[in-house]
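Two complexes come next, and they have one chain in common, chain A, joined by chain B in the first and chain C in the second.
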Partner chain A sequence: MTSITAEVHGRTVDARARGAARRRRRNRSRLTILAFLSPGLVGLVVFFLYPLAANLYYSFTHFDLMNSAVWAGLANYRFMLNGDRQIGDALVNTLVFCVIAVPVQLLFALGVASVMARVRSGAGIYRTLFYLPTLLPPVAATLAFTFVLNPGTGPVNAILKALGLPQPLWFSDPAYAKSGLLMLTVWGIGNTIVILLAATLEVPVELQEAAQLDGANGTKRFWHVTLPSIAPVLLFSTIIGVIQSLQIFTQPYVVSTIVGNGSGTTADNLGYPQNSMLFFTEVLYQQGFRYFNMGYAAALSMVLFAATLLVTLVLVRATRRQFHGDGG
Partner chain B sequence: MTHNVIETRVSSPRSQNEYERGTVSKSNRRRNRRRDFLEGVARHSILIVVLIFFLAPMLFIILTSVMSNSQALTSELWPNPIEWSNFGDVFDAVPLVRYFFNTILIAVLFTLFCLVSSVPVAYALAKFRFKGRNALFVVFIAAMMLPPQVTVVPLYVLYAHLGWTGTPLPLVVPALFGDAFTIFLLRQFFVSIPQSYIEAARLDGASELRLLWSVFIPMVKPAIAAAGLFAFFYTWNDFFNPLLYVGSNPDWYTLSIALSQFRSVHAVQWNLAMAATILFVLPVVVLFFFAQRSFVRGIALSGVKE
Partner chain C sequence: MRKALISATALAIAATLLAGCTSGLSSSGGATSGSDDKTPVTITMWSFFTGREKSDVDARLAAFHKQYPWITVKQVGGQSDDTLLQAVRGGTAPDLALSQNSDAVSSYCATGTFENLQARIDSSGVAMNTILPSTKNYTKYAGKQCALPVLADVYGLYYNTSAFAKAGITEAPKTWDALSADAKKLTTFNPDGSIKTAGFIPFLDFFENNVSTVGAGWGLKWYESNGKAAMGSDPQWAAMFDWQKKLVDWYGYSKLQKFVAGLGAEFSAQNPFQTGKIAITVDGEWRVAFAADQAKDFSYATAPIPNVDAAKYGSGLISGTTVGIPQGSKHPDQAWLLAKYLATDTSNLVDLTLKLRNVPTTTASLKDSSIRTDKQFNVMLDIAANKYTTSVPGTPAGAAPRELLTKFAQSWEAGKVSNLHSGLAQVAKQIDSQIAQASAGNSQ
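Let's turn to the complex of A and B:
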């Protein structure tokens, strides 16, 4: 209707009117877009950008929440490097756990997912059953594991005993505590299995068939067809896995609280047994919210932030070179 | 499903020989079928064996939850006699009703708030064209991947100034301002909806808000349900934030906090501890089975980086 009227009325007048209308519409739609985005934008500023900046500032101060923050320069970071007895243990534990747990979790999930992708029927049922343990809230799963692995009467040691095998003290033995934690995290790997299964099933069948015609066997096809196809998803899972391992808190906290029970308050048990289960974020929690050394906790947060950022960048760059660099 | 079948056929190594020879004899075909069958058996066996290890702990939890206290302290695996009364006794041992109420209240409010605030943001990111849209999306992804411990000190200070520590307010109020993961997930769902439906309604002169409410949202109900489930599960399961903000106030304990202290308060009553665990898990499992399809699709989608 409008276009017909425009033609009748001639060009010069109409063009100006149309321009103004367009500008009005654009302004209005800009306001609309801003209105739709506003909750998210406010959220980003208040809960992401502001805390990041404030955290950087707090990390250079002494601050106990009661009195206002006092500038302390690099004192917190210096204390971290030499002075804090706990943070060394926590750092080593966290890195060791990260380096071992992430590959184990991913290889396990990838193995299960690729076998599942190849069964003719029942993949859906397997997926549901493998996902069940992941539904357990971390505290519930951890409590369950402290029972299943309890050294005296736990079912695992009962079975090991019946089989005539050695029965470790699990969460009570510094040498075995992290193995228990590893099993606990592999038990809850359902998300990654579902993600990798979906990615594997999306690999185009034609690609598989073409490789088949070229004479590639099952292993070769996995390396040269399936793996490159699911590489982006695998990278994403790796990054998420590393970030989650670096910030692991609930499971070791609950294990130490429950198993280390008997020696006074909860705070004294962090890291039980013998600091073998002391992780980075636990020290952060203890310093910030039990001792109220908020400045020092902020400095620890900055280290966690830097580590997260670094790992993400390194992984993204390394994978890009691997899969896109030589292919063109 | 056809997908699986094709892949299974392709993956068996013998068909390579067929192409070389050009013909497939009858006996050959029979041998192939047998090999397919054996490979299938092998795959199912692998999965079942791994699954036994995976499900055994759950079986132990269930069995122990119906044992008598004295039997739970032995290494017997099978309950005898079966004590269903544990599920009642556990309510006497801890104020479980109160903790259930707290947890449900916090999880429901968080879920509602975060959907109401995140849906428009995700819609704008998926359906409006504007400068800096992709950059903004990347910022949301960064916010999503950031460990919560990185921002916890300034936020705790903020809540302490507001007098909110010791109350559930810090656990639900932030959800009013969008949740990065929910926005990310919804946006991934929304981009797959064809633009044409919206354009048609827009030409009819509907306002953008009306468009979102009465045209778009009815089309994406399953997606919103999935995102809501994720938000609910996240809050239901969360331990770190409740520990910080209500960990010092038993009136507002969530089930996670209560369960983490169960053993220190109640010595070695494994049977009651496992009964409480089951009660804690049950709502999540029931919800999962009701909404499994959209939930699983949501998980798969959250792993696709686009």
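Let's turn to the complex of A and C:
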């Protein structure tokens, strides 16, 4: 009996020792992982979490960067809902542009990528041609578009006139301004084209061949083989497109400044013509960096952050089932 | 317990970091060495001047150095109000700054961007009554004189005398209706119906045509005595917009937009007034110098803008350059000596007026006969001296009221506003909200 107890006790001690050793190993392993992760974690805290927390705090204050922030509770958010009459236009413009621009950009990029995947000779030249606009600084590209689409002196309207077609005022007309902006962003979609082209070329050839043997024509193969295979890349491009559309700033800012009748000051023209090019980020810029209402600008950026996060989450959840079958 | 301790430490760190960021800038300026201190020092002055104009100002700074040999001034040109504000907020402010945005000075006063100069004015005995009273609106706010005017811009009517003679018009329009009638006579069309030359561009966001410059001839009240925006309550606002819309409609909005889109840039040699594309325009006094430089053979004349009140004809809008000591100035006493020199020294103002072709801002310099060298420029000097000449009242919201009105004007002239009166009332409400929002943090 005693020897049995001793044996059991011995086993328990051994088990405890082994457990402690395991825990030590696990802890050491965790510390090693943490050590390797630490540069990234420090970056995350310093450059994302802290600014995010500070921004959240400032969104509840009146802050002009000159004097100490004054706690204002929900005043900035109330001003957004009741006082700032520009925000409605900015919100509508941003959402409309996002809803139209993202599908158009994706369809265009997908179409070009699909055609380029089939090109046998000169593929490099076509890829370079479609990617080149991406290399141009957005300000320069936008300036070029304002000259090309100038209603009085631009070549586009000159051609339309020669053909006897109506000549829109483009960036001077709120009905056409967003179309001009859409053309500009579609023209510079080279990055997405390259990503989708790479994904299309990665689709297993044996799958395409099997579908072809089963009698699937080109459209069916694209719909049932290519599209499901590149769906994760499409989702990635959609999310990036949505984020870029919600945060669009440079192009409408430059267009409004250049086209806005030359009335001298940039701020007078922000959103020109008639607020049709006033986007959410421009109101944020105006309030934060022209009027120095930093508290309100922080509140606007929190709303933009929340909206972007929400749209991204909805997109990921909605498409999860497609990629993982049962939603796992 | 350990978790609670970690949470408390994290909260404390976060609170410290946040507090560190909210401390704002120190309200005191730089080291005060006293005005009697004659230790050699180099101070920095930021201005928006570039090229020839910067050289002209440098010459004045050399003259200042002769008068105050222990102070050397380094002028950094090409600086905008935006860069100035960023520098002040970033703690790298210059010792002295010239601002060309007179809309903004009231917000600089309210936020402390510019130091309140009143104590320095009192102790150095600057006679404020020698400075043009019409400049007070843009140099003083809520009892704080935080800037002084250094030259001003006044706005008048420029008209093409050849085009006038050809159309049989003998004098500049004195009423807005006369201006409309002249504009129609002076406009010519291409065979396809597009505008070839325009009599006058009635857009309120075209070059120097804006609610402030044109509004000076409509006797507009910007704010009620209780501080609320008066666009909805003062009928003159609606009268001005009505007049403007009638002329826009006469041209056709689309035709006018297309014409404007094809015009040369305001400050280039292709300026459409100088090239004869526009016969009448509202412009600043600087156009005299530009026309002399860029369009030597161009024949034009100047006049005050029309006025709804005949007794006030001859007046106009005044705005212009201001000088202030930014928060964080390292040599505020020496900067004050320079500010005082630039704003009040008659010989300095006369010399700058002759070189830069802006309007001087003291009564003594304005009366100096040596600046009356050009018939067209003299009209601008007379507008500056007119007792009814006004400037736009400043608010803590800076340029926001004018910008909101400009946006309203853009919608209105395009025919997108169905009810002018309720539209103006809405703009007034919007301006009130913006001012309230901007004022909220300035109570300390």
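Simple rule for what comes next: the second predicted complex is superposed on the first by the 280 of 328 C-alpha atoms of A that agree within 3 Å, B and C clash if a C-alpha of one lies under 4 Å from a C-alpha of the other, contacts with A are read in each partner's own complex, and residues count from 1 in each chain.
Note that in this section a contact is a pair of C-beta atoms (placed from the backbone, for glycine too) under 8 Å apart; a residue touches a chain by one contact, two chains touch by 3 or more.
Nothing here was measured: the structure is a model prediction, and the numbers come from that model.
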| Partner contacting more residues of chain A (chain B vs chain C) | B
| said: Taking the superposition on A as described, I'd like to know which of chain B and chain C A:Gly271 touches: first, second, both or neither. | reply: second
| message | So in the superposed three-chain picture, is A:Ala177 touching just chain B, just chain C, both, or none of them (first/second/both/neither)? | response | neither
| request: Look at A:Leu91 in the shared chain and tell me whether it touches chain B only, chain C only, both, or neither; answer first, second, both or neither. | output: neither
| said: Contacts for A:Phe289 in the overlay, against chain B (first) and chain C (second): which applies, first, second, both or neither? | reply: both
| task | Once the structures are superposed on A, label A:Asn67 by its partner contacts, choosing first (chain B), second (chain C), both or neither. | result | second
| request: Check the residue A:Met80 against both partner chains and state whether it touches chain B (first), chain C (second), both, or neither. | output: neither
| said: Applying the document's definition of touch, where does A:Ala101 land relative to chain B and chain C: first, second, both, or neither? | reply: neither
| message | Under the stated touch criterion, which partner chain does A:Ile248 make contact with: chain B (first), chain C (second), both, or neither? | response | neither
| query | Between chain B (first) and chain C (second), which does A:Asn191 come into contact with in this model arrangement: first, second, both, or neither? | reply | first
| Doubly contacted chain A residues - partners chain C and chain B | 50, 54, 58, 65, 150, 152-153, 261, 289
| message | Looking at the complex, which residues from chain B come into contact with chain A? | response | 1, 3-8, 10-11, 13, 15-16, 19, 40, 43-44, 46-47, 50-51, 54-58, 60-61, 64, 73-75, 77, 117-118, 120-121, 123-125, 128, 130, 136, 139-140, 142-143, 145-157, 160, 174, 176-180, 183, 208, 212, 233, 236-237, 239-240, 243-244, 255-256, 259-264, 270, 273-274, 277, 280-281, 284-285, 288, 292, 296, 299-300, 302-305
| message | For a test of understanding, state which residues of chain C touch chain A in their complex under the given definition. | response | 14, 17-18, 21-25, 27, 82, 85, 88-89, 107, 111-113, 203, 205-210, 254, 257-263, 265-266, 327, 397-400, 402-403, 406-407, 410-411, 414, 416, 426, 429-430, 433-434, 436-438, 440-444
| said: Considering only the defined contacts, which chain A positions touch chain C in the complex? | reply: 50, 53-54, 57-58, 61-70, 72, 75, 79, 82-86, 150-153, 167, 169, 172-174, 259-265, 267-275, 289-293, 295-296
| said: Touching residues of chain A toward chain B in the complex: what are they? | reply: 29-30, 32-33, 35-37, 39-40, 42-44, 46-48, 50-52, 54-55, 58, 65, 112, 115-123, 126-133, 135-140, 143-148, 150, 152-155, 157-158, 161, 187, 191-192, 194-199, 201, 205, 208-209, 212-213, 215, 217-218, 221, 232-233, 235-237, 239-240, 243, 246-247, 249-250, 253-254, 257-258, 261, 266, 281, 284-285, 288-289, 294, 297-298, 301-302, 304-305, 308, 312
